[in-house]
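The same subunit A turns up in both complexes below, where it pairs with subunit B and then with subunit C.
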Partner chain A sequence: MEQFVFWCIAIFIVLSAFFAMIMKNIFHCALLLAAALFGVAGIFVYLGAEFLALVQVLIYVGAITILIIFGIMLTHKMMDSKIIVMNKQVVMSAVITGVLGTLIILTIYSTAHWILPALKNSESGYLTHSITTASVTKNKKVVTDVYTLGPALINPKKGFAFAFELVSILLLSVLIGATVIARKDQEG
Partner chain B sequence: MIPVQDFLYLAGLIFSIGVFGVLSRRNAISVLMGIELMLNAVNINLLAFAKFWGWTTLNGPVFVVFIITIAAGEAAVALAIFISIYRKFKDINVDEIKYLNH
Partner chain C sequence: MIRYSAFFPELVLAITAILIIGLDLIFKKSKTKQSFLNWVSFSGVLFSIAIVCFDGNILSTSFHQFLVTDPLAVFGKIIILVSALLTLLMTFRYFKSNTTEHQAEFLVIILFATIGASALTSAQEIITLYVALETLTISSYILAAYMKRDAGSNEAGMKYLLLGAFSSAVLLFGFSYLYGATATTNILKMNERLMTEPLNALIVLGIIFVIAGLSFKISLAPFHMWTPDVYEGAPTPVTAYLSVASKAAGFIAFIRIFLVALNTPALVHIWGGLFAVLAALSIVIGNLSAIPQKNIKRMMAYSSVAQAGYIIIGLLVNNQLGLTAMLFYLFVYLFANMGAFLAIVIVSSQINSEQIDDFSGLWKRSPLISMALLIFMLSLAGVPPFAGFTGKWYLFGAAIQNGYLWLGLLGMIFSVISLYYYLQIVRRTLVLDSPENKPISISVIEKTALIICMLVTIVLGFYATPLMHVIHRTVGSFMN
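Moving on, here comes the complex of A and B:
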């Protein structure tokens, strides 16, 4: 049952992502992309990261898709159905992508023999020491909820406090930069 | 219990589809969508390996948080650039825009 639902979500993601990349109407593409990202949130639940699934729904499905739809509405001639969506190198890029995907899948398939024995030991914590130990918890099923993820983000000793502050500065500069770039009067 | 390589197969497929979109689409917003798909594939991979190592560290989820944040910022700046380019060229096809300065 678990396998079945997982593969249903996987097929749903792959199909909607694929059609989001090949459909003519870009508005439909954006909606299919939202569906694919929603499916990825479901995969996050399967991986035991419920908080990140919620963040995925909030930020990707909620914010980025709305942002993309606004971008489409501001830049695109919407009901123009005769436009060519693919560029001249579509055959070449399909070949390259096919080779890349085949290589990735063959690599995973050929290295799966060392994954399966290690997975039996991973219940007891396979890596006991990590280089950057962000709140290492042993012998306990860790769920990545806010209570473990929050201290890992802002703990200055063992966590990622510096990167967290850097990302906040980045977000501030993105806010200012996007406003400046998209502004109408360009005399400044 | 789903084995970890199933998540990796799925992430590889999503990544390939994103690469295909980035390489083959003409519209810049579609290229941005391909990049978002690739970032999502990376997120699945990070969480799959974090689960694979038995959640001994929280490095994987923390990196996923950072990637989601940076993807949001990237989308905002990219769409601002697209709107600015559209005002100047009346088009955002990546084939035809060769210069960023008028």
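Moving on, here comes the complex of A and C:
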């Protein structure tokens, strides 16, 4: 049953991502992208990482897709614009991604058996503990709630606090940069 | 026990940046304000360098071992901060001829990028390392696209953003595989786990992805396709910053990941071989493509691909000798490349051209700059007695001693070939004549910076003992 649920979600994601890529109407592409992102949230729920699923829906399905759709509505005539989805390199890139994809799938299948013991022995980072144990011991008490995730991110003793603060610098930089580039200047 | 002084250099930069934003808002627009803000940014970076140099807590960790202040971090920070300092200097000159309303924000974003690069050198954990790297690269995308009225800058920003985002994704994918194989994000613990773990496809694939993602950042061939267009289109100070600070950060990341986390006997064979191929490709493609270039920034882009190929040789031999050579060459490359770009900015902002042909007859217009270009180009080509020669001597020597004879020979042959395009610039500046005689003006501080870069490049060619002493200590604390 669990396997069945996983395969349903997986096929849903792959199909919607594929059609998001080849559809000629850019508005449909955006909707299909939202569907694919929603499927990823489903995978997170399936693995017991409810918080990540929530974040995925809020940020990716909610905010980012809405932004994309706004972008399309403001710049295109929504329904009748056709976009170019293929170019000369389509065969070449299909071959390369095909080979790479096969390689990744083979890798995953050939190593599926030993990942779990390695994960159980994990005692290193806080995040390691909270996220991976959830996927390994789904039937036991799940620890990926906000109460463990929050301190892991901002308590300096846990280590991720520095990266967390650095992200705020990154966001400030992006905010200033986006304003400067998008802003209409007075001169010229 | 949390040691907050681990990130004081970055904190100083952040405070400086926020101070500049605030001052920019408060005061009215005027020439005095801009030069005041320039000096605020300049002294902020200087102060940060002072903190790095005089921090006594060498070899300590903080944030649950996620940040480490070891000699390697200090060495990397100094290279990055000095190149940020020189970049700021170029910025002051660049904006005299290329106007924008938002010069203060440009300084701020350079400072933010430097925070990322500087934090990266002390990151001992792959999530921290990745966030630091992204702070650097995302700020660089903005900087590359900064001259928004210039089509070249737009193209540079767009190309860099699209390809850079893709390479970051590949890098993160590789990291997630390594995490999946070891169940830890700490670089030291990752090494412990990999020592006992049998070799498997997951780890190998992870290594390949990490190499692909990081090679993009330091533009090793065949991941260098973005380099010429971005280097040519971006504002020249940004080009200089990308070619030194950004690369230095990338090399430190390479050292942390490959010489620490992935340094197990079984894995060394895999990535050693891969890097040898990448180094050879970079040396060949970089040098050959640089020859026909007409635009000086584009030529420097291909030159920097080749230089990255030389430097990575120090990594792939995986021993003390190699790391010593690598750090020494990075230091030399900093001054030679930054000096060359400083000269290029000063000249091209006054002749309004970046074509190599327009540098003709420069010796009449500014003897100092032509002299400087001569020294930097010869050092980059590896001509004795300049420091570049000593650096290449160590690098190729390390390669030959460790069974990479072919790579050492290849490097030597292509160093000779590279003389051709480096000397093209020298020939134009010193030998050819031009109708124009107007002298090129140069400010006192620019003159000082150029002379310091020249002195370092010359002196390290003869007398490198103090620097080698520092590097030996760095390497000794790092590899046994």
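Heads up, the rule we're going with is that the second predicted complex is superposed on the first by the 145 of 188 C-alpha atoms of A that agree within 3 Å, B and C clash if a C-alpha of one lies under 4 Å from a C-alpha of the other, contacts with A are read in each partner's own complex, and residues count from 1 in each chain.
Definition applied: a residue touches a chain if its C-beta (ideal position, glycine included) is under 8 Å from a C-beta of that chain, and two chains touch if they have at least 3 such contacts.
No experiment lies behind these values; they were computed from the predicted model shown.
Between subunit B and subunit C, more residues of subunit A are touched by B. After overlaying the two complexes on the shared chain, residue contacts for A:46 are found with subunit B alone; subunit C is out of touch.
By the touch criterion defined above, A:37 lies against subunit B but remains apart from subunit C after alignment on the C-alpha atoms of chain A.
When the two structures are aligned on the shared chain, A:64 is found in touch with subunit B, with no touch to subunit C. Judged by the touch definition given at the top, the superposed model places A:181 against both subunit B and subunit C. In the superposition on chain A, contact is made by A:3 with subunit B only, not with subunit C.
Contact with subunit C, but none with subunit B, is seen for A:169 once the two complexes are overlaid on the shared chain. Touch criterion met: A:104 reaches subunit B and subunit C at once. In the superposed model, A:156 lies in contact with subunit C only, and not with subunit B. With the contact threshold set out at the top, residues 104, 108, 115, 118-119, 121-122, 124-125, 127-128, 132, 159-160, 163, 167, 170, 174, 177-178, 181 of subunit A are in contact with subunit B in one structure and with subunit C in the other.
Listing the residues of subunit A that touch subunit B in their complex gives 2-3, 6, 10, 13-14, 17-18, 20-21, 26, 29-30, 33, 36-37, 40, 43-44, 46-49, 52, 55-56, 59-60, 63-64, 67-68, 70-72, 74-76, 84-90, 92-94, 96-98, 100-101, 104-105, 108-109, 112, 115-116, 118-119, 121-128, 130, 132-138, 141-142, 144, 148-149, 152-153, 159-160, 163, 167, 170-171, 174-175, 177-179, 181-182, 184. Put simply, subunit C touches subunit A in their complex at residues 2, 7, 14, 21, 63-67, 101-102, 105, 108-109, 112-113, 115-116, 119, 125, 127-128, 131-132, 134-135, 138-139, 141-142, 145-146, 148-149, 157, 180-186, 189, 193, 197, 200-202, 205. Those residues of subunit A that touch subunit C in the shared complex are 103-104, 106-108, 110-111, 114-115, 118-119, 121-122, 124-125, 127-128, 132, 156-163, 166-167, 169-170, 172-174, 176-178, 180-181, 185-188.
Subunit B meets subunit A in the complex at residues 1-10, 12-21, 23-27, 29-30, 32-34, 36-37, 40, 43-44, 47-48, 50-59, 61-62, 64-66, 68-73, 75-77, 79-84, 86-87, 92, 94-95.
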